[in-house]
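The structure appears right after this line, and notes come after that.
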Amino acid sequence: MQKIAFVGLGHMGNPMADNLLKAGFEVKIYDVVAAAMQPLMDRGAIATKSIAEVVKEADFFITMLQTGTQVSDVCLGTNGLFAHAKKSSLYIDCSSIEVSISRSLHQEAENCGINMVDAPVSGGVAGAANGTLTFMVGGHEKNFIACRSLLEKMGKKIIHAGAPGSGQAAKICNNLILGISMIAVCEGFNLGKKLGLDPQKFFEISSNASGQCWSMTSYCPVPGLVENTPSNNNFQPGFMTKMMLKDLRLAQEAAKNVAANIPLGAEAAELFSLFATQGNSEVDFSGIIKMLEGNG
Amino acid sequence: MQKIAFVGLGHMGNPMADNLLKAGFEVKIYDVVAAAMQPLMDRGAIATKSIAEVVKEADFFITMLQTGTQVSDVCLGTNGLFAHAKKSSLYIDCSSIEVSISRSLHQEAENCGINMVDAPVSGGVAGAANGTLTFMVGGHEKNFIACRSLLEKMGKKIIHAGAPGSGQAAKICNNLILGISMIAVCEGFNLGKKLGLDPQKFFEISSNASGQCWSMTSYCPVPGLVENTPSNNNFQPGFMTKMMLKDLRLAQEAAKNVAANIPLGAEAAELFSLFATQGNSEVDFSGIIKMLEGNG
Amino acid sequence: MQKIAFVGLGHMGNPMADNLLKAGFEVKIYDVVAAAMQPLMDRGAIATKSIAEVVKEADFFITMLQTGTQVSDVCLGTNGLFAHAKKSSLYIDCSSIEVSISRSLHQEAENCGINMVDAPVSGGVAGAANGTLTFMVGGHEKNFIACRSLLEKMGKKIIHAGAPGSGQAAKICNNLILGISMIAVCEGFNLGKKLGLDPQKFFEISSNASGQCWSMTSYCPVPGLVENTPSNNNFQPGFMTKMMLKDLRLAQEAAKNVAANIPLGAEAAELFSLFATQGNSEVDFSGIIKMLEGNG
Amino acid sequence: MQKIAFVGLGHMGNPMADNLLKAGFEVKIYDVVAAAMQPLMDRGAIATKSIAEVVKEADFFITMLQTGTQVSDVCLGTNGLFAHAKKSSLYIDCSSIEVSISRSLHQEAENCGINMVDAPVSGGVAGAANGTLTFMVGGHEKNFIACRSLLEKMGKKIIHAGAPGSGQAAKICNNLILGISMIAVCEGFNLGKKLGLDPQKFFEISSNASGQCWSMTSYCPVPGLVENTPSNNNFQPGFMTKMMLKDLRLAQEAAKNVAANIPLGAEAAELFSLFATQGNSEVDFSGIIKMLEGNG
């Protein structure tokens, strides 16, 4: 049985590691917050006390952290994962981080004789718990193939996005479109309502016309039109505004580095930032309709 | 057989009136540009020399004009349609105009004992020629029912959007979402490409994920990914940038009147305006991807 | 002594007409709200009951209204000012309205043998009360000269901006810059503060550098840096957000008509609109700093 | 005589170091591009071959580099400036870099027993050549006092902005306002011109009214209104668009870190980015008026 190391056991990492345990893997775990490891220890995970200890015998090692700086800190340096991992082991970074940092880490991994994929996810905490995450994987095809069956224990759709860093790139480009189109849908429904349009009627029209988008037909910010959306539950819990803002900031960082123009992406980021600073950073991102309505 | 009057025989009005002739109606026509009437006269339409003459015996009278001011000018005053139309005739305004002006006209029509619907279309010149337009109809239900079979001669989907003015409202709210989401898709693909993502691969990922929208899956601005899009034909002919800009300006006008916030809609309008002033007003609106790429 | 008619006696019109009375003119007044005329009647103004009555003997007639539609309604038609004014009388429109409507009115006035200037003001209610308004005057030079001494009774700076409509154009272009630069100053101070900069120190630096602007040095949105600003008085009373929003909407209307690009103007309008819909439409426009700070 | 080390001898560093030579200092220099050192060697500077060599005897050492990463690379590590500098020497970083990186460097310097100020400049290549730069200095007051007379050899205004990092903060907040207000002025003049306003007349009005700002009165983007502006010289050379874009990106980075909202700053950055990608990255930033006019 393959040995797995898992670093970063927060809201996402915890249920993901749990799914690996359920699948029968030996899972060693590490988190700077020791308490975060307790629930998994109760389910059979082996807690460790250092980066060096968690990774030293692993065939696969996984990180699920918040920022590119955190991932770099954990991977690099004399106390880092790369310095203590086995040659030819495979590193899977599930964090959502800067494309540029991810590419640097791929290069460092190669220098250390370690295989790597970047594999950010979508699907949120619920997807992590249910094992229905989507993984967007960047890296050489052989590495993608080597980790696919492992990722299938934690997710439902495992997609090879391309060369190293492409998983990160695909995720931020998708979420760039998502963030903008969600605000577009909010603007359309809000304007329509103020003009006297029945939201249900407008939904019927636009969802069958050129305004159709996932933000409308799968995640409608107006309650009562689509089942199981955060808008039906007072915008709780869902995909938090601060997480959408994080992804849009990553898109801006990437756009800056490659001189790409994202004018609406920049403005969408500012609108989510404004919404967040008004006390809504943990509200579902579709809740921004409240700000547009003047009820934010 | 019901008698029809048709005013405004431009790129849209001409094929629409032609479809009514094909359906066997008696169609009287009027246009301030006399030459615009010639092609329809050859197909059996009866040209007239004044508003009064075109409308006086009509059961239905239709306008297809460019601006709200034009429609008002043609309808109102002692030489206008309303002054010369039969009582209880039905007026169908197919123009895309300000919601506020449309509602004023509904009121005036009622004062004159004339029934009215606002019925702006989507589908463009091709839809007009093929009789596949979508009509978004605003007005009392009895009026909607009364004109439906007539509209079916010119279109495929005839939708009742609600009370007077709702056809205009539904169209601009839909196109508000469309205009924003098209730029969103352009930003996503352009950023992705500069980050080294294969457009085909990104399309596969995002069209099955939360970035999906009609602008991507039915009208993709990147050539080679979706069949029969303007992007495959060098952004010709399609839905011209100036027409999208017109609809976004109508959305702004409406938003101003009802104090609705449309921040991305306002910025999208400015971006299409910038693209238009750089010589692209008659290019398909998805061509704005060229401006974002730096090739505008 | 010259006879003056004054139509529109709201917050601005009232003190303006009062200054004309103080200067010794015979002033006839009219307002659709009869009660609005009372304070001036007490000071010697002659109240009238119709447009026809107020204007019929006037050498100069002045309007101070809210919207272009109101001004058109008051001027045109068989009951309008132009139909009842003396030939060669001079019409001064002090309202802030659409350039396009103003130009139409100039044309109509000329057709009626009436001289006209557009003369929107800046300076607010306080300027109206103190007779320190600035008048930006559009119209033929002879008309400008003919009304200058009259305007000097109500204002301090009387500027000839150019041909008919130029007063309106100059005002909206100036206020376009003002609206944007005010938000710029708010963004700069708010960012600086969060970065630990002392606002006083930043003011000293930037007001002597390339960030200097009237919004900073004469109307600073941060309290305590410049005397006699609304920010020192909890953003009361000042230039209300809804008035700034009105001017930015006029700029958008004008920009649409002449195909000018005003991307930051459009976004500034949306930001003031957002601030207004959050309950701040009567707060001074510099109060938008509270929204940026997250305290809106 | 105090000994000075100067690292980074590009367009700015070269004339700055030259002014120190003229003032009689012993100046050792280092640049990774050896050829960049030649002009200064001809004027008496002592070229060195490594970071260690250039700094080891210096009382003051100065960097003038492009990016925060470059500055970090030069300062830190076993081959870095901090490892080889004398205890109690004073480090002056004149580069414009991220506030966050600058603050980290201040901390590292303190750890190494080195004094530091951040001292970014404004004034451009001409200011560097003429010794008329403005220095915005962040750091403890004793360090500010210790370096002031040295900076006066290269500049005219030496301002203490506050605690460590405050020089960077003051510069980006000022330039945030500058970048936005320049576009505001361009929008105002462009709209005015299209509305038929004489630019000279509008300048007279607005420069004496609430639209006044440095971008208008000292650096007007319309030629012929203010002397010695880049607009009078076909937008050459001036403050290049790419440099303004760099500063706005630094503002965005800072705003992200401290959760500040800069909606117009974000949009201004996108507009300069669009202008840059259309082939204008080395054009003066006021040249963006050409893009707004449709001639970009």
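When the chains are written out, they are named A, B, C and D in that same order, and each has its own residue count from 1.
What we mean here is this: contacts are C-beta pairs under 8 Å (C-beta built on N, C-alpha and C of every residue); 3 or more make two chains touch, one makes a residue touch a chain.
Bear in mind the structure is a predicted one, so any value in this text is a computation, not a measurement.
Student: Using the stated contact rule, I'd like to know whether A-D or B-D comes out ahead in C-beta pair count.
Tutor: Pair with more contacting C-beta pairs, A-D versus B-D: A-D.
Student: Please flag the chain sitting at the greatest distance from chain C, going by CA centroids.
Tutor: Using the mean of the C-alpha atoms as each chain's centre, the farthest one from chain C is A.
Student: If you average the CA atoms of chain B and of chain D, how many Å lie between those two points?
Tutor: 51
Student: Taking each chain's centre as the mean position of its Cα atoms, how many Å separate chain A from chain D?
Tutor: Using C-alpha averages as centres, the distance is 37 Å.
Student: Tell me, which residues of chain A touch at least two other chains?
Tutor: Chain A, residues with two or more chain partners: 259, 261-263, 267, 271, 274, 277, 291-294.
Student: Under the touch definition given earlier, write down the residues of chain C that touch chain D in their complex.
Tutor: Spelled out, the residues of chain C in touch with chain D are 99, 122, 134, 136, 157, 159, 161-163, 165-166, 169-170, 172-178, 180-181, 183-185, 187-192, 194-198, 201-202, 204-206, 208-216, 218-219, 251, 254-255, 258-265, 267-268, 271, 292-294.
Student: If you look only at chain B, which of its residues touch chain D in the complex?
Tutor: The contact residues of chain B facing chain D are 267, 274, 277-279, 291-294, 296.
Student: Could you list, by residue number, the parts of chain A that touch chain D in their complex?
Tutor: My answer: residues 249, 252, 256, 259, 261-263, 266-267, 269-271, 273-274, 276-277.
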